[in-house]
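You will see two complexes here that share chain A, one where it goes with chain B and one where it goes with chain C.
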Partner chain A sequence: MNAPFFKYGLFGDEMSLVVAFGIGIAFGFFLERAGFGNARKLAAQFYFRDLRVLKVMFTAIITAMVGSFLLARFGFLDLSLVYLTPTFLGPQIVGGLILGVGFIIGGYCPGTSCVSAATGRIDGMVYLAGMIGGLLGFAEVYPRIEHLVKLTPLGQVTLAEQFNLPYGLLVFAVVLMAFGAFVAAEWAEGRIGGKAPDADSLLTPARKFGPARKFAAVLIALGLVAAFSGSPYRTALAQVDTRQLALEAGTKADHVMPAELADWIIEGRNDYLLVDVREPAEFAAYHIPGAINVPLAELKQDFARRNERIVFYSDGGIHAAQAWFLIRALGFPSVYMLFGGLEEWHDTVLNPAAPPADAPAKDQVDFARRVAVAGYFGGSPRRAEGPALAAPAPAAALPKLAPPPPAAPPVTKPATPAKKKKKEGC
Partner chain B sequence: MSSPTDTPPREQPHMNPYWAGFGLGLVLLASFVIMGRGLGASGAFTTAVATTVHAVAPAHAEGNSFYAEYLGDGTASPLKDWLVFEVLGVFVGGFLSGALANRLKFTIEKGPRITNPRRLVLAAIGGALMGVGAKLALGCTSGQALTGGALLNVGSWAFMMCVFGGAYGLAWFLRRAWL
Partner chain C sequence: MCPMIEFTNFRHNPGIDPAMHIWGWEIPVYLFLGGLVAGLMILAGFRLLIMRPNERQAMVCCTVGPLLGLALLSVGMLTLFLDLEHKLYVWRLYLTFEPTSPMSWGSWILLLVYPALLANALAHLPEALPVVARRLPVLVTISDYMLARPRIVISTGLANIGIGVALGIYTGILLGALGARPLWSSAVLGPLFLFSGLSTAAALLHGILVLTTPDAERPEFADFLLSMLSRWSQARPLDTRIAPTLAQADNSFLTIELALLGLLLIGHLSSTAVHQQAAWLLLTGPYAAVFWVGVIGLGILIPLSLQHLELQHRIRHTIAPAILVLTGGLVLRFVLVAAGQASHWAPMLD
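The block that comes next holds the complex of A and B.
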């Protein structure tokens, strides 16, 4: 089994919306259970009356952190495929402060206000209305402050990478820190907030090994396992075996067929990065929708996230193959190239050849589908009976497509890479 | 607001915070495993706002780089979005939990020393600030603090510290609203 399931193609976009709804129900359920539909309960955090926000948040964080680490370490989950919001340090610090101020003034954060409104809290509903107003205001000034929002970019980076520490050790440290904070929180609630301790907590009952303490013991033990179990990433530090690579290069496993890629684009799949390794001028003249341009000479260690599925293409196959080998050798685990390059793309996707008139019906049906695909990408099928006769040479097809016909929907698609980044963030 | 005529069903106490957190953590973990992404909230409202603006003033929305980013490429409705469906679920899940615990009530949550209108004004101001802050930070407490926290994301941890800093920093001035 390979997780994340969605990114391994176990289900499609439509199904993912059903999953989203289900996950949302569970999310909302536990938020409400925690008491987060109540602004007063939330605000009590900041007067040491009831440090629920801290306890719930950090318990959730360490549970998911330890769980994802161990699942990744033992091969079930590819952690590098779990989306990481890029860091823009300055804007996130300022945004965090504004959010904190908004929290204490309004009493909620966006997620908790949904739960609050759903359970009838009028302040939660008004808060939501205020948030929509804030979003509108932000959107209207955004074009003028766009450059500020993009300041101090650090990329998609974890604390482990940033400080060059072992991931597992950090996991353990965060678990210890969290339980330290919980004990301090329980103490502060009693001392400063004057709150009677919960029935089941870390400091009480005095001598009993209650459920909360058992839970703490289990998580700390799992954290300790994490601390000593190395990197959670697949092949992140693996030695490159050039012979193995060479053998792999000879197989078909590293190819993506043009028709397959066309389907991915039409389905709107977002689990791969399409890279055009030709020169910028050629890229500008024509490129496959959604592709980014990284000329062969500029490919290096950090050109993309290590865990991203990367598909290279060039005019023919040679430059893409060179890129494939280079990037594989740098330790990127899932790298592919477009079979036959742009030439094959033109011949099979943009200008598919009609089968002979006496071909079986299955071929005719298949061709009809390919015509539709070609239409989507702004191409047109070759009409001649003998495909070889009327087939335009690939070189000739290139300039023809350079100014794509206005009716072609894919012309609007170069926005795809930006869109797929956005789609996963909050 | 609520004037029960019969004996009202008793409101159940909230769940032990550690177990609620554990449940929340499992939901987050399930999201990582099934989808390869974490939870979110504010993004759904941004999509809704962008879609509404686009419906009212299409040219205006398309000319604005912020809206454009949330409108997609026009091949599908922008509302057919993961976060939009997830947040719809949050409303349903919150309602279910509230109903099961007899906590559904039209009321205003506030401290005893503040009037209802003032509390609602503060709620609106807080919400507006939250909208701005969440967009600056590329996420809110769900998308950044919870999700990024569990993934050891650098920006998320910086963000989280600042949320607590901002709230604690201003808490003393707002004590009349809550205590």
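The block that comes next holds the complex of A and C.
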């Protein structure tokens, strides 16, 4: 079984929320066991009386870091498919400050407030209610402040790329840094907070090799292994399994039907990347809304992030199929092509053919819906045989359609009017 | 622009299917409040019956519960009224009794609930709320009259239990009677809603007890509000000894509710294809996240384990399980009503 499980399709969108719930409950349970349901204990860190928040969080970070590095190195986890939050430096600094102020005033961070509410503390419940109110408020004003939220974009940044260091070495460095922080924390607790050192403290002379020390030794050893074990990312060559690719190409699982893509665009979905592999001149003449242009000759390993869902299209199907094979062989897991390419897009989405008058009612209803979709994309239906109703020659009419600017987001129109259109009967 | 499709019949006309999704928030809220009131009635009736003469302080179950029940049922009936298409014709429900119609049963049961709850509340009202009794001396007369005659007390208790069970089951039958929606066509819905109602009622009373118990960690403003309330009503403190019993009862109800949910789904999964499809709507379909997280996880399993730890004296009694159980009961009604309306017999035009 390969991880990340969601990206490899072990469960769908709905079940992923159920899995997230299970993980969240487990996370909350351990936070509670660490004493994080109590605002007094959380606030003690600001007075250096009890720095267990720092210790627990740093332990979690290095455990996850060493663990995922080694899992990736041994081939259980594909690190390049793990989602990284993009960095927007300015807004994230502001957000961090707001979070910190809220932490000091309320005594909780978002996760610990849930823990506190679940253990029945009324201040935790008030905090949680405030947080939900804040979320709703943010969602309401988001369209107006979206440009502020996306200032100073740096993309998806990792420390290793930033400092140009080997990944393993960085993992080891962070492990060492964490232990430096633990020692400094215990020193500060004793000197500033006036707390008596624990029996198992890292600062006291080592007479016994207690559990904390054993755990520390294991983590440092694993960090050392990581430092010398090379890159955790899979190489492109290791991925090519031509037999499997051939099997996949034989099925229709790699197709996206034009009508389906039209629905995605109308719904405003942003979980896919639509790539036009034709030449820039053709792209400028007409392209499907929301597409980006990467000519076939310029397709390289780094043209997109590997965890994107990518849909290729060209005029017919051949160039898209070539792009599919190339990118699939480079190890991208979810790559699709538009069935029939732009020609099929014109025939079924922009200029759907009217069914014959004696066709079953289901076809008539279906056609009524497709007419509404065609209207959304600026096309018009044609009769069963013969030219289009509005435009005489579909091919000649197409370039006249105003192409949206290349950088525009996939959907500029809210989904509601389009949905209304879909439901319209006669 | 669009071809003529007037000749379409059956469900091919796109105007038909969306119109079947006609129940909004009113019906689930009513089903939830109806179940909650049914649970409050059963608990109140039971408490009234098993009370010994020397432990008269049955305030939380026998006074607070029924009084809250009266208020909540009125809110529930208001939502039912809001859902009516022809609001002015509501009185016509009370001109007839149709034994084959669940709606008719329901409207008459709802009328009987009020006197039963009121009688239960009145039995101990003067000792529970002396300030009210002093203003209205007739309450003392009624209470004395009832308590002096054990038969009246016993029949009040039995009436509360009987009507409560009828009300709780009827909220499920109301959905179950509509065979056109496969998810609802199950006899398990009646007991399921009854036990869900009982668990929400026990959780509500437990939550009220916990809220009024003295507690060092409670914010001062809450203490202030509580002391104001008790000074104004001159009420005696609630009997907190019953809190563990309520938590225990709640755990039993939640366990039975979980088993009944399992039975409902097993029944559907071992039935025809449309029923299976209806069950998968909840299990893995578009309602799966809400069902597993809101109903099973937060609504049943988490409060079950929290109350189990409370009963073992491992953690304090808190209002967290009460809030979770009440929310879970509401979500159960919402998800069953929504998923039920999404399930249908002819899944051709999906």
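For the reader, a short list of remarks on this structure follows.
By our rule, the second predicted complex is superposed on the first by the 227 of 426 C-alpha atoms of A that agree within 3 Å, B and C clash if a C-alpha of one lies under 4 Å from a C-alpha of the other, contacts with A are read in each partner's own complex, and residues count from 1 in each chain.
Note that in this section a contact is a pair of C-beta atoms (placed from the backbone, for glycine too) under 8 Å apart; a residue touches a chain by one contact, two chains touch by 3 or more.
Because the structure is a prediction, the values reported are computed rather than measured.
Shared-chain residue A:118: touches chain B and chain C both.
After overlaying the two complexes on the shared chain, residue contacts for A:35 are found with chain B alone; chain C is out of touch. Residue contacts after overlaying the shared chain place A:21 against chain B and chain C alike. Contact comparison for chain A: of chain B and chain C, B touches the greater number of residues. Of the two partner chains, chain B is the only one touched by A:137; chain C is not. Contact with chain B, but none with chain C, is seen for A:159 once the two complexes are overlaid on the shared chain. Of the two partner chains, neither chain B nor chain C is touched by A:311.
In the superposition on chain A, contact of A:52 is made with chain B only, not with chain C. In the superposition on chain A, A:349 makes contact with neither chain B nor chain C. With the contact threshold set out at the top, residues 17-18, 21-22, 25, 117-123, 423-426 of chain A are in contact with chain B in one structure and with chain C in the other.
Those residues of chain C whose C-beta lies close enough to touch chain A in the complex are 1-9, 12-15, 18, 210, 217-219, 222, 284-286, 288-289, 292-293, 297, 302, 306, 315-320, 323, 348-349. Put simply, chain A touches chain C in their complex at residues 12, 14-15, 17-18, 21-22, 25, 117-123, 125, 354, 357, 361-362, 364-365, 367-369, 371, 423-426.
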